[in-house]
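Shared between the two complexes below is chain A, which pairs with chain B and chain C, respectively.
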Partner chain A sequence: MIRSDIQLDAKGLACPMPIVRTKKAMNDVAEGQVLEVQATDKGSTADLAAWAKTVGHQYIGTHEEGDVLYHYIRKCSQETNAAADKSFEQVISNEEITSRDGLILDVREAAEFAFGHVPGAKSIPLGELDGRLSELDKDQEIYVICRTGTRSDMAAHLLAENGFKKVYNVLPGMNNWNGELSKDF
Partner chain B sequence: MTVKKITAAQVARKVIEHKELFILDVRNNDAFEDWKIEGHNFEYLNIPYFELLDGVEDILEKIPTDKEVLVVCAKEGSSLMVAEMLSDAGLDVSYLEGGMKSWSMYLEPIKVGDLTNGGELYQFVRLGKGCLSYMAISEGEAAIIDAVRFTDVFTNFAKEKGVEIKHVFDTHLHADHISGGREIAAQTGAAYYLPPKDAEEVVFEYKPLTDGLTITLGSSNIEVGALYSPGHTIGSTSFVIDSKYLLTGDILFIDSIGRPDLAGLAEDWVGDLRDTLYSRYRELAESLIVLPAHFMVIEELNEDGTVAKHLGELFAENHGLNIEDEAEFRKTVTDNLPPQPNAYQQIRQVNMGKMTPDHEELIEMEIGPNRCAVR
Partner chain C sequence: MANKVAIIASNGGLFDAYKVFNIATAAAASDKEVAIFFTFEGLNLIHKQGMHDLPMPAGKEHFAEGFTKAQVPSIPQLVEMAQELGVTFIACQMTMDVMGLTKEDFVSGIEVGGAVTFLEYAKDASPTLTF
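What follows is the complex of A and B.
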């Protein structure tokens, strides 16, 4: 099971209905949250990915189980897509973290993590970080990573404000990750 | 305005008769770029249906009002939705029944010519996929070559013509489409022939199609003779029918030649391909009419919709037959090959009888263009 915020059952529906329903369901999804679309129409994979691209949402991926396709889409608006200013000072490159000791903290949503993360990384979505600080070690190096560096920037600030000293924002982030990837299914 | 439904057969007539048509293809861009309905006088606009969910106002001015407009999608649903929206906006439009799926499956039988003593040769043109199948008829008997999987088209056609299907051949083990040969043979009691060198892994009984094999049709003894012509596959075999027609399978096309890599052995078979095209075929009469198992582009169709040309003309015009330098030939047919056909490995497994997918899976495997050639 891949975690998502809202689920849509579009099983048994033929094109164009899976996309029509997805578009409607997206209205109830909050910015940054993940919608799971369950569909059986094979063409829905390519169409959902292309549709998400045209409207600016992030198509995370599709996982097939039996006859059912599970599509994951993260809601993004224009603002989140624009490269926001990153202000956390301690940064580190994608390449550098692989050779270092410490914790790679992935603050993307659970579904994004499931479809591909740095091997050994720990997943705490940004929205849950505040409540899960106790899981982290203040003396350990923490390399915070997300898709483009924006969420990890916010997470790094949050950690620093809570007394974490050895925090780095990893840039440019998973979007440009060329190294090994682990998947959760 | 009402929305009209157009069938694949009606679109096929428009292609063959060089009619004008404006196609609004509402599939996603990748699908459209990969494969579309080709026509000599067709115009296209590709806007994915999911960009039109909020309305069609933005595209109205791009759609002509003085031309027939056909909305096309993968299976029908989205084209119907968009056609209705356009109709509500006051336009007169049609949609394609069954979408590209039905286009991919449609076969148009066209008579290629007469055989001795009243016999006939038909070409079954699968416009959406570029596959060509053949039926030779003489005095109550028929032979079928390279049948595609829509077996009832052939069996019904034979019934209409009042002939009994006696022989069913595949020129080679196909990799781009699923053969209907074995099933037709099973349904009609005809013999099914395959080249043994292509059939080493098949899991069913067949008759060996070997060099020099001849069968005769009817009491006029119309001769269908096999000519071993390897290169696309190691078993590829051509046919000469009634000393007039040369069925080349996937070895020689009108404007291209076969590719040697679909069974994974481009390097091994390139020499065979060269021999077939530059030696074996050279010994044949130039007046033979070449009938290939595929066409790649709509320009290869003749005025009557058939795909056929004299061997002599191909020797003069087909680039693949005019590469004098052997090294350059080798390079042409092994380097920079076009992408391989969709699911070609699975299709080979199906044609060997090793996989028996259900109906929907078969359709899925055959989606897209055939890509069997090198230009």
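What follows is the complex of A and C.
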């Protein structure tokens, strides 16, 4: 079971209905949240990936279980697609984090994490970080990673404000990750 | 990137209707501006009565079962959905005159125009499709 914010049942529907329903359902999804689309139309995988690309959302992936396809799409607006300023000063590269001992903290949404993360990374979505600081160790180095470095930049600031000193923002992030990947299924 | 799709619907069969409305609704759902120009037999696709009973191509009637089994939406449903998604329907005035049809013979919310109306819309559309 992959976690998502809103679920849409488009099972049994033929093309173009899964797309039309997804488009409508997206209106109720908040920026940065993840929509799960359940479909049985086998063309929906290619269609939803293309649709997300066209309208600017992030297609996370599709997981097949029995006859049902579970598609995951994260809502992005045009503004957040533009490279936002990353102001956190302590940065570290993708390559460096695997050879160091600290904690890799992945602040992407649970579904993004499920579809591929650095082996051993800990998942705390950005929106939950504030309430889960007690799970982290202030004496340990923390390498904060997301897809492009924007959310991890915000997370790194939040950690620093809460007294974490050994915090690094990982750039460029999972988007350009060439190393090993773990999946949750 | 062009964000307009222009479609000419000039045939009046059930298969033609699906080709037109599937592409149109998919494009509209992808945040594109869509207009369909209905001309000649294509007018059947938005005719109040005609759209409920569009013919299958001769010899292909056995596909009716496939349509039901695949749970494909009906043409009137697709018409409604297309309009809900903001697809513009333009009925060809000349064809209407030839066939003795008025705006009232069609689903509500359509525009009536001539070839130039469509050409003006389609001049910066990509793609322009003909069915």
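Definition applied: the second predicted complex is superposed on the first by the 185 of 185 C-alpha atoms of A that agree within 3 Å, B and C clash if a C-alpha of one lies under 4 Å from a C-alpha of the other, contacts with A are read in each partner's own complex, and residues count from 1 in each chain.
By our rule, a residue touches a chain if its C-beta (ideal position, glycine included) is under 8 Å from a C-beta of that chain, and two chains touch if they have at least 3 such contacts.
Note that the structure is predicted; figures quoted are calculated from it, not measured.
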* Which term applies to chain B and chain C once both are placed on chain A by superposition, clash or fit? -> clash
* Give one of first, second, both or neither to describe whether A:Ile2 is in contact with chain B, with chain C, with both, or with none. => neither
* For A:Gly12, select first, second, both or neither according to whether it touches chain B, chain C, the two together, or no partner. => second
* To do: Give one of first, second, both or neither to describe whether A:Thr54 is in contact with chain B, with chain C, with both, or with none.
  => both
* Asked: Which of the two partners, first being chain B and second being chain C, lies in contact with A:Val91: first, second, both, or neither?
  -> neither
* Looking at the overlay, does A:Lys23 come into contact with chain B only (first), chain C only (second), both, or neither? -> both
* So, does A:Ile145 touch the first partner chain B, the second partner chain C, both, or neither? -> neither
* Classify the contacts of A:Gly43 with the two partner chains as first (chain B alone), second (chain C alone), both, or neither. => first
* Asked: Taking 45-53, 117-125 or 297-305 from chain B, which overlaps chain C after aligning chain A?
  -> 45-53
* To do: Could you tell me which stretches of chain A are touched by chain B in one complex and by chain C in the other?
  => 14-17, 19-20, 23, 47, 51, 54
* Please name which positions on chain C make contact with chain A in the complex. => 22, 25-26, 29-31, 70-73, 81, 85
* Report the residues of chain A in contact with chain B in the complex, numbered from low to high. => 14-17, 19-20, 23, 42-43, 46-47, 50-51, 54
* Asked: Can you name the residues of chain B that touch chain A in the complex?
  -> 28-31, 48-51, 53, 73-75, 77-78, 81, 364
* Where on chain A does chain C make contact in their complex? -> 12-17, 19-20, 22-23, 47, 51, 54-55
